[in-house]
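Some structures are shown below for you to check.
First chain A sits with chain B, and in the next complex the same chain sits with chain C.
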Partner chain A sequence: MPPRETVFQLYLRIALYGFRKHSTYRAAALAGAFTNTVFGILRAYVLIALWEARPGLGGYDVVDAVTFCFLSQAAIGPMQMFGGSLDLARRVRSGDVAIDLMRPASLQLWSLADDLGRAFYLLLVRSVPPTLIGAALFGLTAPQTVWRWPEFGASFALGLLTSFGWRYLIALSACWIDDDRGVQALSGVLMSFFSGMILPLTIFPGWLGAVAQATPWAAMVQVPVDVYLGTRGLWEALAFQGAWAAALLALGALATAGARRKVVIQGG
Partner chain B sequence: MLLAWTWMRASYQYPLSAAMMTVASFVVNALDIAAIWVIFAHVERLGGFSLPEVMLLYGTAGLSFGLADLLFGNVDRLSGHIRSGSFDTVLIRPVSPFVQVAVDRFSVQRFGRVLQAAVVLALAVPQLDLTASRAWMVPVMIVCGFAIFVSVFTLGAALQFLLTDAPEVANAFTYGGNQLTQYPLSIYGGELVRGVTFVLPLAFVNWQPALFVLDRDDPLGLPHWLRFASPLAALLLGLVAAAAWRAGIRRYRSTGS
Partner chain C sequence: MIEVERAGRSFTHRRKAGVLRRERHVVHAVRDLTFSVAPGEFVGYLGPNGAGKSTTIKMLTGILTPTTGRVRVAGLDPSRRRTALARRIGVVFGQRTTLWWDLPLRDSFELVRHLYNVDQGDFRRRLAELEELLDLGSFLHIPVRQLSLGQRMRGDLAAALLHAPSVLVLDEPTIGLDVVSKAALRAFLRELNAERGTTVLLTTHDLGDVERLCSRVMVIDHGRLSFDGTLGDLRATAPEESSIEDVVARLYTGGG
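And now, the complex of A and B:
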């Protein structure tokens, strides 16, 4: 067992490689940023029409609603809100995961480090520019205090962990059902609708709203944006996200142990 | 047709996954309309239009887009074919490359979208008290909208000959076009609406003809005859798209791998 520091350095290096791997697809990331911006503008107009008819709906004013829209668009790239797959899913299908499982490092932490590197690159390319364009076109709510930035940062980071925890489980499900495209598609639906990507969860009526607000998907978009807007208590938000992130990562660890025994190696 | 059938059979080799994809497709579309339901739980009218009127717009846009996506949505895989070099194989086969790329990975799950839009439209029309003298426009706009979306998909594909590494740009216009036309254009800014009327004619998918069907004034005060111009817009865009596709094929250089 190598000393603790080396282990940390290993995962840091994997994260850096993840960052560099994705930075080679610059054109694709820029295209994604363009598409995110276009959709942000279209969604913003729908929300503006709704909030002009019903000011103060869900505790937001019009500017808050537009801010919500662009911050949720910003989550798409880093958190893969349409169910974007981990590379791991492809490796399970092709059988390469057998090699990953033999490495003297945790499969889950390895994937997490790689995914965080990817998320950080996409944050720079796919999240920041569309948000700035949104701010220039519509004007967005500025954080009330300087402290709001680190608070939002912490909440967004927990959102990333929750998103990874969820997608890791989806990717590993391929070990049991061989073809993960169906789960992948279903996961995309759940992630985009119950996270607040389509409409803020605060305006969902009755029981639908209550259910949606309690899901892990709410921890990915709705909660971080609420922390940014200051419409949700910070510690309550972080506790909610932390609980979901921990639960999903723990399930992921269990699933990894199960996969080690269960893995079907396709094509020898 | 045979190619499309083969891909359908292939997808059912993994029955659980195929079933889940079909379920996902239904759920996606049900949740899509749920968003509109959530909005109208809070307001009577959006951009001056009532729920049945928005459902008419949603249904016609969804039907046009869904059919175009079902038959030609896969042309956005073109950049993948170009990068991997398999487009060379496509070019030497004695079938139109456009047809081949379109049916590649043909997936029957996309039918869910068409079905859902048809249901929404069927629910909307009886609530609108349309007379036959205006309702005849509904099938016309679905056909024209279909033609316009096919042209947009084709233009997006042609663009991929230039932007091989960035196929997602096309999504902004195809899926973005679908998102745009689901709502009354009166909610969008004036410049945006003029842009989708005179530059990329998405307003003719359903907005302009729907103004005729619903007998409404144009909130932007654009000329009255535009409501009958959908076939013309579809034809013009179709010609542009066909020219762009041919230019793309001519410009194509194999990756050589």
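And now, the complex of A and C:
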């Protein structure tokens, strides 16, 4: 076993490469930032209309609702909230995953590092500028204390981990499902609806709201935004997200072992 | 260095044979294969399409476990000791790449250094050597997706050798290369084997590769070895003036 420090350096470098790889697609990222901004503005007007008709809906005032809109727009790129799949899915379909599994490294950590590098790049290009534009145009809720920033940062980071954990499972499902387009599409729907991307989950009454808010997708958008707005207890929020992230990553580790067995023993 | 003892590998194919019925049928990609390769040998591994060459290589590299028999590479059971083996073996699949598509070639090498925990000094020295022998200098800084096939192949080969493995396994590395790229690759492989003593197992459909490089040839057909001997022995299986192509074609069609 190589020393821990070397292993850390390896994954750090993979994250750096994930960042650099995505920065070579600058035009795509800028187009994404533009789309995020435009849709953010459109969504904001829809939410403003809704909150003017029903003030205080879901426990938010109108400024909170617009803030929710732009912060959730900011999650789209880094967390791939419309179900964008990991490159791994393509490698499973092409059989290249056999090469990945042969490397003296963990496929899951490798993919995670790569995805976090990508997420960080998209955060800078596709999340920060649209949010600043939204703040300039509409005025967003300011954080109640300075501590809100690191608290939101931690919650957003757990959202990223949860999103990766989910998308990794979806990508590996291609090992067992010949045509994974259906799974990808379903994942996109689940992620965009149950995360609160379409409408904040807090406005759904009764059991639908309760179920929606208990899902891993809620841990990606709804919960971090609530942490920012101060409408959800910090520790309860972090524990909820941490539990989902841990559960999905643990399932991912099991799925990785299963995929290895399938490739090595059954031949893919 | 490589020991294969009565190794077999079969795959179960399932196909629809009616509305509800599914037929299972077993393909024996490799059956009862026995051979060993000594350190420093340069062995050509030939056979028609579908003969079981890639399956053999996948068993040697730990991507597939044998269904029967035993495989040892550098003293290790490949599929069980994947991590330990990875440090001693270099693998190149002509049809796939291990390089990072969007990044300069040099970045992939740097990653290999971390992956195999290669000491910085050794890494610099080996890279400088490979850079010269494989003439990588002019495209080290170019993203892999923009490289020609010949350049990419040289890059893949360098990436497989940066951790100085004692065995190199190549699955159709010359596929699709032009004559100049082929010649460069051959010269490099010959030198690697002669100077460093690296054991090489090479599958190819290019008999020029075999004639110029291999001291020993194995032919596999329908999952079984149909020939194992020196290049001279191989020629001796056919009438005198036959070209090497004819000799091999006779073996493939079972006329040898």
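We take it that the second predicted complex is superposed on the first by the 263 of 268 C-alpha atoms of A that agree within 3 Å, B and C clash if a C-alpha of one lies under 4 Å from a C-alpha of the other, contacts with A are read in each partner's own complex, and residues count from 1 in each chain.
The rule we apply is simple: a residue touches a chain if its C-beta (ideal position, glycine included) is under 8 Å from a C-beta of that chain, and two chains touch if they have at least 3 such contacts.
Note that the structure is a prediction, hence the values are computed from the model and not measured.
A.B. asks: For A:Ala136 in the superposed arrangement: first (chain B), second (chain C), both or neither?
C.D. replies: So A:Ala136 meets neither chain B nor chain C here.
A.B. asks: Touching A:Val146 in the superposition: chain B (first), chain C (second), both, neither?
C.D. replies: So A:Val146 meets neither chain B nor chain C here.
A.B. asks: According to the contact criterion defined above, which of chain B and chain C contacts more residues of chain A?
C.D. replies: Counting residues of chain A touched by each partner, the higher count goes to B.
A.B. asks: Quick check on the superposed pair: does A:Arg20 touch chain B, chain C, both, or neither? Answer first, second, both or neither.
C.D. replies: After superposition on chain A, A:Arg20 lies in contact with chain C alone.
A.B. asks: Identify the partner contact of A:Leu57: answer first if only chain B is touched, second if only chain C is, both if each is, neither if none is.
C.D. replies: A:Leu57 contacts chain B only, not chain C.
A.B. asks: Mind sorting out which residues of chain A both chain B and chain C touch, each in its own complex?
C.D. replies: Common interface on chain A, chain B vs chain C: 25.
A.B. asks: If you look only at chain C, which of its residues touch chain A in the complex?
C.D. replies: Residues of chain C touching chain A: 9, 11-12, 58, 61-65, 79, 82-83, 86-87, 91, 93, 96, 98, 100, 102-103, 107, 110-111, 114-117, 143.
A.B. asks: Hey, which residues of chain B end up touching chain A in the complex?
C.D. replies: Of all residues in chain B, those touching chain A are 14, 16-21, 23-25, 27-28, 31-32, 34-35, 38-39, 41-43, 45-47, 109, 163, 165-169, 171-172, 175-176, 179-180, 183, 187-189, 192.
A.B. asks: Show me the residue ranges of chain A that touch chain C in the complex, using the header's touch definition.
C.D. replies: Residues in contact with chain C: 2, 6, 9-10, 13-14, 17, 20-21, 24-25, 95-96, 98-99, 101-105, 263-267.
A.B. asks: State the interface residues of chain A toward chain B in the complex, per the touch definition above.
C.D. replies: 25, 27-28, 30-32, 34-35, 38-39, 41-43, 45-46, 48-50, 53-54, 57, 177-183, 185-186, 188-189, 193, 198-199, 203-205, 208
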